[in-house]
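Which chain is which? They are A, B, C, D and E, in the order written, and residues in each are numbered from 1.
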């Protein structure tokens, strides 16, 4: 009949892809600019709207892949970029994608700060012919991907009629991507492929079904029993819970990106203002144990390099002096280091130079179970060099505030991620973010690390106009990081996913890491375009 | 405590006096009452006056809801009165709590109707009596004095040996025993007046007598003034020196007990005495109920106390009602058969009776009904003779 | 008026079983004749209500009937033993043959149903073939019979005064024109005026309809006036049974004697009130022999040893007392 | 939590159906506390006592430190670890033992607080009457209508570091209303009781009347309200911990379940991580419910006798007690005796 | 009449108090929605986005609290509950509108079934004491002492899985669109079986017990004895006389317990990923979504109030004694 569910049964295996996210029920909101929209939360905005270029966070140093734009040329100081728009793209309502649309999009983002979720200081975008020139206030070398990869291009002829794009829920999204929204319910959304007019070969997947599961456990269950074929979710003991359920098809791929997690130390608090102590702590913290026990052996890939840069995403940035240097647990070395620095190991208690026992309070929000588990391990590790640690399970809001205000001794937290290690080091060591204790520094430097050389190197790296200057700055940053150890790196962010090859193959993996795998990243579109029916 | 065996003051001295005592209970207002100016009240007690005398029992009788208990509570000052006065030894008193209230209740004690409910089930007899003694400073000093006082109290109400009862809980006592404890508690204050609100109505016939005899004994030996409230008019005859009859919140007749019960003057009192079960009335054929009597006495029901009938409150049920009864409130009229016997009824006002035939305004006016005997020949001696 | 309508033979009623049982009614023999009013008196706790509930098998748990017979003689047909009836038979028997009026009318009427519902209920249950209109007409007649306007049918119990409710109960009791009406203290909660009105009506109705009444109260003076015969209970047994007048004028059992001297009389000469010393027996620990002997002023040798049986002391008068050994010889 | 509405209709001990004049003197003085003799209440109390014991000694007798990691990761129950281990190798049995304290403390503190509040508010409203009553009743009605658990969740999430005591206080402050309502209704009826009237007429002061005449008669209701609140508090605390709202820095059974759920114990097949805590809660809940039944039956004798419905007669038959059809034990097979000679009256 | 007026006044007062409380409580909550959003996307929202979100949510403006309170009332009276943060810029009313049917459908209907079934069993248990229903009591007591969520999780572990009839989560099968058709309805019913059973199992014993106790109490009333004496059929006595009267206290108990039920089923919704109000409230609390929190709280409170009002009316209809005019 005419029921919307009538054809449900005929969409069998090889045409439908079931994607799940553990994000809870959604409200109908397809605004691609709003982080709060269902389209962003589940990621289907990138199946409808497309960015100018495709960037691969797994191999951040690789060149950008042309997408809606065929090429992009940055000015040497990276304050403007000229992009050339492809001329065979059309909106799903049939109209052509033009440079006007692109310029309109960037001006829209500039006009409404609320839509500028990447915080790039745009000043202007102008179209001429097929080219658009986008200008920024400051050099954006470190933010190239934010400009070209994170901005969904929207059609001018529709968006210019929207009175308030910050509150519009865009009930009928019209984009340049291969899919259009077919149906929306709070728990599931269906996207179907466009009949015609997509600028490249249409995807094999005829229908994308997004399901928003209420929590990790529901999502995991769905993955395990095959209801979900693709998701990004933390699966404890994923081998037993997920992979073992279908050894042949259930797979997890979790490549690291340039964003890390680790133990921030408050460098203003005695005795943690002593780099020697910090380095000694680094030497005993068992990153591998945390990786396997707390992160289920996959979720936050272990950071092995002493520079704190994850592999392989950061490999190309590692300074020559640290190349190949991997972190190893070395209790004796740590003890020696401490003794050398004037500490005394009195039985099971480490005494600092003034003879006071060294204790540390480790805090993290109560509900963040992987962090909590990590802290338990850290506590265990530190006891090896006589540091008595206590684990405090904090209230999440209080924790946020306290960390930003510098009211903590040691805490597990993440850094920002980006196209270069700049974002990692900036989060940890940026003197421009240095605030007195009690004043919030939301953008970073929670540990109040005060090192002029590091700040200078960060500034130099972001503003440099040539690669040599950048390399110098980057090497300086790594040296300072390794010597001062303002934060003990443990794991990296992953941008992969759990998936099933039962119905679809062609997923990115270690052999062919063509893109990030998280369904909410712009790369998701690239992934879908790579998929082929398993039995076809 | 003293429990003075010989009272200093002479018998018959007025101890407590009610003068024009009135109690109106406010009724919960309904929506439509918002528009009427006079707030609705229950006229529970209107203009009640009598005196309680040392060493005498005054009975207050009347049907259920006629306001007897309200009178007792007013006298005990548990309810504030709406109008009128309460005089203790001639001095007007109005107490609302605190020290004055306690010193008032030391002299005027209330005993409640239901011995099963008037003792707290969680406390022992000892607790109840000790409290009463302590509150009124009759406990003496130290445990020995207290024990002695408790013993005396229990002995006074014939609960002997006291030790057997002191530590008993109320549920372990029979009804009669409980009522005795209640009386002992009242006596613990060493009062001058006992207000006994239906003290025996919940008790069995055989136990009832014991309690009444106890009250009688207290009256005689301690010279206490007793207000005995009951709906059993026969017991009023036996135990009270004086009887007052109430109907719908008003006093309708009063006088010495024998006269009021044997020679009732007010039509309501007559209805009451006629209705009381009376074995003497057996007719022999078994169908003992005097159906005729039941018939011609007003059938209806007690009036609403929120809007009581104008005039005499009994007139809607009265077989002798006259026109005046429906409009004017009858004053106390002396009957004259015995000193102190009075009734609030127009039948005893010769002018009124002359102007209008009794029964002319009766509910179902029946001219055949003979005028009430008392109105015609006021001679009760024949019956009174055999009374004492 | 001499043929029995209800014969109670050796009825025993207990609360609980085994050793813990309280024997509230012990071997009671009692006969109710067609059309008479049989009064049952005795102090509180003597087992009057238990007897009434027991013989109709309405006693709530833990009450059990532990023995005896209750023979009902229908107008035509052989007697039936109520105690052997099956629940279905019992249901048919109830109200059609024996109806009951309890002490508290407020509690006897279901507060959430209209008077009419409760009245029609009973007719419908026993005469399923009757028409609704017919039943309604019956109900109106019944109310009129007890002096209540028929429009009161639509009232709820709480809208009626205590006296009216009790009359509704009486009307209901008469709905099926039963042979026997049991009344357990039907007027105790009412004041004397109302009590007399209702009893007057009842007497009239009995005259008209000819049912027999088992009238239970502890108000002896009321019984003497209202009933034909009176049975006195003490400690679960009938201790005396006699025509009302005779009993009042000359009691044979000391307990009856005591009772008669316990209540003040309104009329006549002032009698001396002696009352009954002591307190009622504990049913769990009944004294040996005659239950009354610890309180009996005339107790003598055999009283504390053997229970006297109820027997005819004089024609028409039964008593259970060793003072009247005639009885014991039966 | 569902509270049986019947508790509002409860009868006061020693009143009504129980008041029989014939009870032998000298027996069982304090019948107030006799409900312990009730089999259900006794069972409940014994279980509760065991829990309380563990709450006190739990941390000392626990075989391991509940936080301590070990190499036995995610082990099924064994002799070494009676209830198995977590993903960190922590001993679940120790966690349960140590967690008992927090559960019991929160339950009891919240119960005590709510009970005190309900007494203060309910009894005052009931006894004083008038405007005070209207105000207090309105207050408790507002609290009754506002859904408790969501309110507790919101309030708890306001507080940054919700310790056990604080959680208990929050639960206590939000769950007194039902008790206050029941107590008010009961006080209202007690206030009209003759013995209160009598105490007043004797000259007792108001506070003494409330404290010594009214309160003792409310013990059963107060106790039952207390037990009800304890159940509710325990469930709330565990729920809060389970959904991660309250601090989980101290162990309680909700925390254990929180971790188990976070690690998807059931999906991993680690049932031992899940089952003991759930059962511990259920048994505690049942024990408390049993105590409440006991109190209910004690207070309302009709319910008490309702227990025994089939009784065994001396000759071995069972008789069913049934309202409306009194059983006849031995319908006499005696022949109908010849009617005696009767004299017409 | 008077009774109803009085109740209405009370309900208005309660509604006012609840709404006011509702206004103030979230304002006391520290932390803000932006941070919650960040924590939800651990590391994936850049520090630069914080400002854009603040602007978006309008959190950068400051107004005095009294003015806010008045605005809040103004909005409420226009039926405007504000915009949810979590689902910005979806209006709270839409979010509630989406989840309410599920809660009403699952929790509401199950609660009613639980009440009816529990009451019916309670009538049976109370009337025929010692029968099998009575024997059920200890078991149901135990079951109802188990926390909802635990029971639900165990049920999921035991009954769901590949090939099982029962789905483990959600209100309907993925890919379906809510509609009254032959695909959706069976799916919705299938998905509601387990959560409904959990609610039933753990909430029914309360009703059985209270109804049983009321039946026992009522069974010993005189009017029941009279009904027996009247020779009415057992059924009629049990239902029309005993159960009818025993039901009265349970009716108001039912309305009052709705508040507790909403709280309790919040957990069922969480566990079964059921897209209802309880779950939304839980999320809103977690994400500091004040407008949504307030909206849901308001809806719950108002529905409990309405349930109480209905219970009052039901009581009025069921119990003629309260009806005297």
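One rule holds for everything that comes next: a contact is a pair of C-beta atoms (placed from the backbone, for glycine too) under 8 Å apart; a residue touches a chain by one contact, two chains touch by 3 or more.
A quick map from chain label to UniProt name: B, C = Peptide/nickel transport system ATP-binding protein; D, E = Peptide/nickel transport system permease protein.
Keep in mind that what you see is a predicted model, and the values were worked out from it rather than measured.
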Lowest number of touching-chain links that must be crossed from chain A to chain B: 2
Chain C to chain D, fewest steps along touching chains: 1
Between A-D and C-E, the pair with more C-beta contacts: C-E
Centre-to-centre distance between chain E and chain B (centres being mean Cα positions), rounded to whole Å: 57
Whole-Å separation of chain centres (CA-atom averages), chain A against chain C: 92
Whole-Å separation of chain centres (CA-atom averages), chain D against chain E: 23
Interchain centroid distance [CA atoms averaged], chain B/chain C, Å: 32
Touching two or more other chains - residue numbers and ranges from chain A: 221, 224, 397-398
Per-residue overlap in chain B, given as positions that touch at least 2 other chains: 174-175, 286
Multi-partner residues of chain D (at least 2 other chains): 21-22, 24, 160, 261, 267, 309, 321, 323-325, 345
Contact set on chain C toward chain D in their complex: 1-2, 4, 7, 9-10, 14, 17-18, 31, 33, 36, 45, 53-54, 57-69, 71, 79, 81, 83-84, 87, 90, 228-229, 243-244, 280, 282-285, 312, 315-316
Sites on chain A touched by chain E in the complex: 1, 3-6, 8, 11, 16, 18, 24-29, 31, 34-38, 113-120, 146, 166-169, 183, 185-188, 190, 209, 211, 213-215, 218, 221-222, 224-227, 245, 259, 261, 365, 396-398, 400-401, 414-417, 427, 442-444, 493
List of chain E residues in touch with chain C within their complex: 219-223, 225-234, 236, 240-241, 244-245, 248, 318-321, 323-324
Chain A residues touching chain D - in the complex, by the definition given at the top: 216-217, 220-221, 224, 235-237, 240-241, 293, 366-367, 369, 373, 376-377, 380, 391-395, 397-398
Sites on chain B touched by chain D in the complex: 76, 78, 97, 101-102, 105-106, 109-110, 112-114, 116-123, 131-132, 135-136, 164, 167-175, 178, 182, 185-186, 188-189, 286
